Each structure stands twice: as structure tokens, then as C-alpha cells.
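The following block contains the structure, expressed as C-alpha cells.
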């Protein structure tokens, strides 16, 4: 099997440049590529377009890239956890495209699956539909939405093998599988990297064909945004 | 959790009527809903529209429904293993719509996922594209294809639980997951039915929401079309 | 007396029928889960990718990799399943989810809803709300009848950027239970002790009152 | 002497580069797997939903639930993955598969291919062929240069219903290796002992011959 292993984040991000478009997996801070983000901070690349469901929080995740003004444009569905984001947006420093979450997920899936456009009812009749083609099917109105692709996709999985196969854990799956398929170069970081053959072929969430580089992350903080518990 | 269990194929197929549109999972004879097909034969419903990648072989799978003249129209991608099929088609007894395999898979996926239409390059410039809208994206030509849905979907899985969650085995997965989502009523038959809670939520191929009725099949013949072996 | 948040949730819980798959929005809708009647089996969908959302975890079971759409730590239940965001919204868009309960800033008498943006003031994004309202067969809005300044949130036309058009069918506010008919808000029930006149006053859009209006039973 | 099926497969195997994901059609293309050079690591995709197709099983390992697109029983390899048909064709349509090798009945000098239907005679369906030829970055056709009656299969225009337009880039026949340029078939190599004149005679479409044409090395 083709071996996709690289040593670390530094090697995995070779070729990353100013002005590129990136996809970053995760929902809130759950399932984000923590090590790739750290490396992007270290590299200091700027004028980035970042596609991610959220924009992190002020002091973690994509929020760190915003703090360092590395992001020119953000494409997301919900950015409510980030005051610095809101400040940059309202001041005009940051260009933002807000997309319904399902449309975002499907546009990314379409990018990976070679589907240049599709129709969805989400956003019809709202400002999301402005300037977009709309059409009726079976008496209901739909908007035409186009695929999204990226120069690099950064995804995070629970386990991965040297062939690039990935398994996610819990709701840390979220946008990661679609993004893995939609990147020209997909960098997967995993909590545990195992030799090809250790993962059950029947239980792979992301087939290795989508992953160009894989490495085991040095450390995962896995910060929790809303720690909610009940008494036993 | 909502319990989707029914006793057997007979109970699972209640409501099946002449003239309905069915989806049947499987690729060749691999992963076909053997028990549902047997029950359809017993019920003798006719004028059916069947959507399935293949049409079985002369004496098994959907081929049995063809023998009994229960099928009015077949929507498939490849029907080469079935002489009776070819006879009925060439004689005009059977109406057939042949669809590129990827387009078929995606139209069914679209039906389940609420996407009325999408663009694909497959079939552009061929007779498949006749009468269909075509459009250029990024310098390449695409056809617009519409969703497929069914009155009943019959799918076959390896393991299932009472909540309707399904796990397929090997390449018996094929069209089953998309069809499970595209049926108004989806009937899942499984080799082993277990109580909710026994399957790992992280390893479910088809979430239970798509399945209305589930039962453990009485028997699986699992006929092999091309038994190919090597000497050890 | 106007209903409090828990009473609104309790009233909405009566609309939840056995065997339903339900998506609950953030805020009052989340509380609905606490009032599902005994014997009514429902499955909660969390649009970030979970079917069969369980209660919050005990301290020792907290898992950063298991959160709901409100980013709260949660648990699974026997029979739960986990999937990608594309699958999750396929489920929503494909109308497999039977009921969506969500909050709103404004609802119009045509059933338009606004709940995602206050121009120049609040820009958080729509998250999954536009997909949910454009797709659900059955949507119930939980909200306060009026804003803090007393102005009505049940309008002829929404003034805020809308989330979806002609989609809201039913509403439970602190003052009333209403059906949105496309021609106005049909008053179904009123909060205990609240008069039709008070509800009329708090409703800018057309209020349809026919016959005797019973009190909400909670 | 014309190449036999195994020699055609062997010649095509030279086009397979290290690190490629490859989809092999039924017939001669399947044989290519036997000739991948040592040290060239490739992954075979089977469009029914398998990446990392292994060899045929030994008798005791035959599994009815593990077949390839030709319905043959097969095996997995360490690092294989299994997925649905929608995912499989997403992979193909999204151009993640690097190389497609398939058979043809006719190829035109524009690169059109016909391989799925003979009107009134053979109606088997296109299976995955239309998706593969419409999507692949790199397609090689393996075929006989002429039909049994001696008529050419390399034509100005296809006479049979086509599978895809302007998609074939390279061909290996029993007589020659050719590049399809859009303006004609550029002759790259000829089968050992076969003359350019013989190839010219067997080619109805425009044959482009420039300089010395070497013999195929197999």
C-alpha cells in the first residue's frame, strides 16, 4: 500500500503559501487539527482564505490565526464564539462569507466528489440566495450552490494508518471526512498512527486515497467549550 | 430508542402494491435483499418499477421477478448477466432505463439527502445526455441529473439493531446505504439482529432514522457469480 | 400570567409524538427534552452529527469528542449513531427529521422567520438554522411574544434579515399558542389569565380569533 | 508479430507509475495487475466499493461478500478500505483515481470511445464506464486494432453509441502504441515485426507518423 506518512506537522505543511485557500475540520473546537494550526501560526503564512464551520474561540483554534491577522477571508456557518472575529468583521479587516451549515457541508462534499453544482432549499428567499440561480422542483424552490475546494485540507482523526485511512471518534467527525476529499493536498493528523493492516477495512471513515500526508499529532489539548455535567 | 423490529419478511412488506417503485440494494448478487425478493415473489405484486444496479441472473435475485413478469420497468446500470432480461427488453415487454453507475448512485443519494438535482460529467455527449440540460463549469461540460426516490427500499445488511442501525460487510455495502435513505419506507433485512446498544455508535454505516422496518432474514444463500480462486 | 421558559418548553413537549425524530435548537427548545411525557419514545438529532442524544454526562464521563450542536458535552444512548455533517444535513434536507423546534427573533404572519442576524450589531451566522427551516415538515417556534421594549415579535413582515420563508407552522410564546396559517396567526390557546385583548395588543401581525380560546394546560 | 493479450497488458503496465491509484476494467485491463513492475506501489480501485484490491482468494478464503466490479471473488490487502457506491464514484468523479485502463469497441481520432452498446444486438448497460471516461485525468485503452472481419476499430468517427467524448489519451493495441492527440492517432511504437504500412492499413482514422517508430519492448 502507498505510504503517506510524514514525520511531523512541519513536514506535512510543506508547500503552504501566502494567499492559499485552506479547509480546516472541526465543529467548534471539537475535532480541529490542533497541530496543523500551530504550524500555520509558526509559519506565519498570511492572506489566507479559511473554510471551516466555525472560527474557533478568541484564544484557540482558528481564533489564533485571526489574532495574528493571518486570515483575509473566512468562509463559515457560525462564528458566534469569537469576539475578535466579530471585531475584525465589523471593522472591515476581515472578509466573511456566511453559509448555511448544511450547504457548507454539501458544497465541500461536492468539491471532493466532482459535482460542480447542486440544488438545495436552504437560504431560498433570504440574503443567502441573492445573486444565485433559483429553480423550482416539485413545487418547491431551491438555490443552485457550487462546489468548494481547497489548496490544502487539514483534518484531524482519532486513528489513522500509514495508507492514509482514517477513523474519527464521536462528533469529532463532523466536517473532517468531506474536507479530506476536497483538498488538493490533504494533511491528516491523528492521535494514533498505526501500520496499514491494523484498521478493519470495513470500518474506515475516510479511505486513504483522499489523504496525501499523515502524521501523529504531538499533543491534543481538546479544549471543551461548554462543559455541561449532571450529578450522578 | 424507537424500535423498528418486525417479525419477518411478510410483516416487513405490508403495504406493498402493484405499480409501486422499489429500490433493491446489491451489486450483482452481492448484498441483495434475498428475503424481501422471495416475499415479493410470493405476493405476486406486478407492474413494478425496480431500481437496482443490476437485474440479477436468470434464476436468482431480481431475475426471479423478471421470470414471473412482475417488473414493468427496470432502472439499472448493467444488466449483462441476464438472458431473460435481454429477451424481454429486445421484445419490448420490459421498459428499461440504463444509467451510468455513478450517476445512479448519486441520484439515489440525492433522493435521500433532499437534493433535487446536481451536475455530473458522466454521459455528456452520449445518448444518456439526450433531452437533458447541460452546462459548463470551469471549462468542462456537465449534465443535470435529478434525484430518485422509491415507495419502498429493500436493503440488506450484515448486522442491524432494533433501532434500525445497520452495518454492512465487505463489498455487499454497495448501493444499500443510499437506498436506505431514499425509500419512503425502508425495509432492512439483516443476517444478525441485535438489541440497541450492541453496535458501536461510531461504526454505524446506516443510521436508524432511515429504516422503518427491520428483520432478521431467515436464510442467506449468497450465491457467487464468478467464483475465482488461486492455488495457495 | 405569562408562561415562563420551562412552561413554554412543557407545552411544546405535548406536540412531540411517539416515534418522532426531533431536532432541538439552542435555548428554550433544549428544555423541551426534559418534558417529553413518559411512554413517548423520541430520538433527538444533533445536527453536528449525532442521532440519539443522551443527557449531559456525569463528571467522570465527560468526553471532549462528544458534544451537541450547542457545543455542550453530552452522552450517547443505546442505539445512537454518529455521522458526518454532510450525512446529518442530508438527513435534515431529506425530511427524515420529523420535527424541528427552534427559537426566533421575529415571525411574520406568512410564516417567515428571522433568527440569525441583526445588521451592524450581531453577526454570528446562521449555523444550521436555514437548512432546518427550509427542510423540516414540521417546525415549532419557541419565543417571547414581545421584545424587551414591548414591541411585538409577531409581525406582518419581518424587519430583520430572514432565515426562511413560509415555513413556520406553529408557535408557543409566553402569552399564547398559535398556528401560522399563511394569512395570520390563529390563536389556539392563551396563557393562564392572559386575555385575548392582551395577546391582540402584543401581536402586530394579523391575529385570527375564532370562538372561545382555552387556556394553556401545563 | 501482433501482441497477444498478455503482451498488451505488459506494455500498459509500464505506464503505471509508483503511487498511482488505478481502476482496471474487465478483460485485458485486469491482466495489467500481473505485470506491475517490482518496486512500483499502486492501489487498485474496484468501483463497486473497494480500494486496495488484492489477488483472488485461495479456496478456503472465498467470501461471497467480497467481490470486484467484474463480480469475481477477491481479497483485501493490509490498508484496504471499503465504501458505498456513492463514495466510490465520488472518488472517480472527483479525479482522485489517477489512471483508468479499459477496453473499447471503437475509438475515434478525437478520442471518443464506444464500448457499451451494439444497437439491436447487445444491451448490457454502461455500468461505470461513462463515469470513468468522463472523469479520469488519464485513460488508457487496451483493445484489438481491428475487428474479426478485419475492419479498423480506430476510426475517424465512432459508428457505435459512444461512451464518452474526447477522453482517450493513449491506446495499446495488438499492433501499436498510440497517442490520441485530438487530430489523429500518433504512432509511438509498433509491435515487433509489424510495419508502419500494416498499421496504416489497419487504421481508418488519421494516423500520424513522425520519424522512426521503434518496436514495443515487452
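We call the chains A, B, C and D, going by the order they appear; numbering starts again at 1 in every chain.
Simple rule for what comes next: a residue touches a chain if its C-beta (ideal position, glycine included) is under 8 Å from a C-beta of that chain, and two chains touch if they have at least 3 such contacts.
These are the chains along with the protein names UniProt gives them: A, B, C, D = Succinyl-CoA--3-ketoacid-CoA transferase.
The shown structure was predicted, so the numbers you read here are calculated from the model rather than taken from an experiment.
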### Query
What chains do chain B and chain D have as common neighbours?
A
### Task
Using the touch rule from the top, work out which pair, B-C or A-C, shares more C-beta pairs.
A-C
### Summary
Greatest Cα-centre separation from chain A belongs to chain D
### Query
So, what's the distance in Å between the C-alpha centres of chain C and chain B?
36
### Approximate Å spacing (C-alpha centroids) for the pair chain C, chain D
56
### Query
Just how far, in Å, is the C-alpha centre of chain C from the one of chain A?
29
#### Entry: Centre-of-Cα separation between chain B and chain A, whole angstrom
32
### Task
At least two other chains touched by the same residue of chain B: list those residues.
106, 109, 113-115, 120-121, 169-170, 202
#### Entry: Residues within chain C bordering two or more other chains
50, 82-83, 89-90, 92-93, 135
### Query
Which chains are in touch, pair by pair?
A-B, A-C, A-D, B-C, B-D
### Message
Show me the residue ranges of chain D that touch chain A in the complex, using the header's touch definition.
### Response
19, 21, 41-43, 45, 50-52, 76-83, 87, 89-97, 135
### Query
Tell me, which parts of chain B touch chain C in their complex?
1-3, 109, 111-115, 161-163, 165, 181, 195-197, 201-202, 204, 207-210
### Task
Please give the residue numbers of chain C that touch chain A in the complex, ascending.
46-50, 55-59, 62-74, 82-86, 88-90, 92-93, 112, 120, 123-131, 134-135, 161-166
### Query
Can you name the residues of chain B that touch chain A in the complex?
106, 110, 113-121, 135, 137-138, 140, 142, 146, 167-170, 202-203
### Message
Give the list of chain A residues in touch with chain C in this complex.
### Response
27-31, 53, 76-81, 86, 89-90, 96, 98, 100-106, 108-109, 120-128, 158, 169-178, 205, 222-232
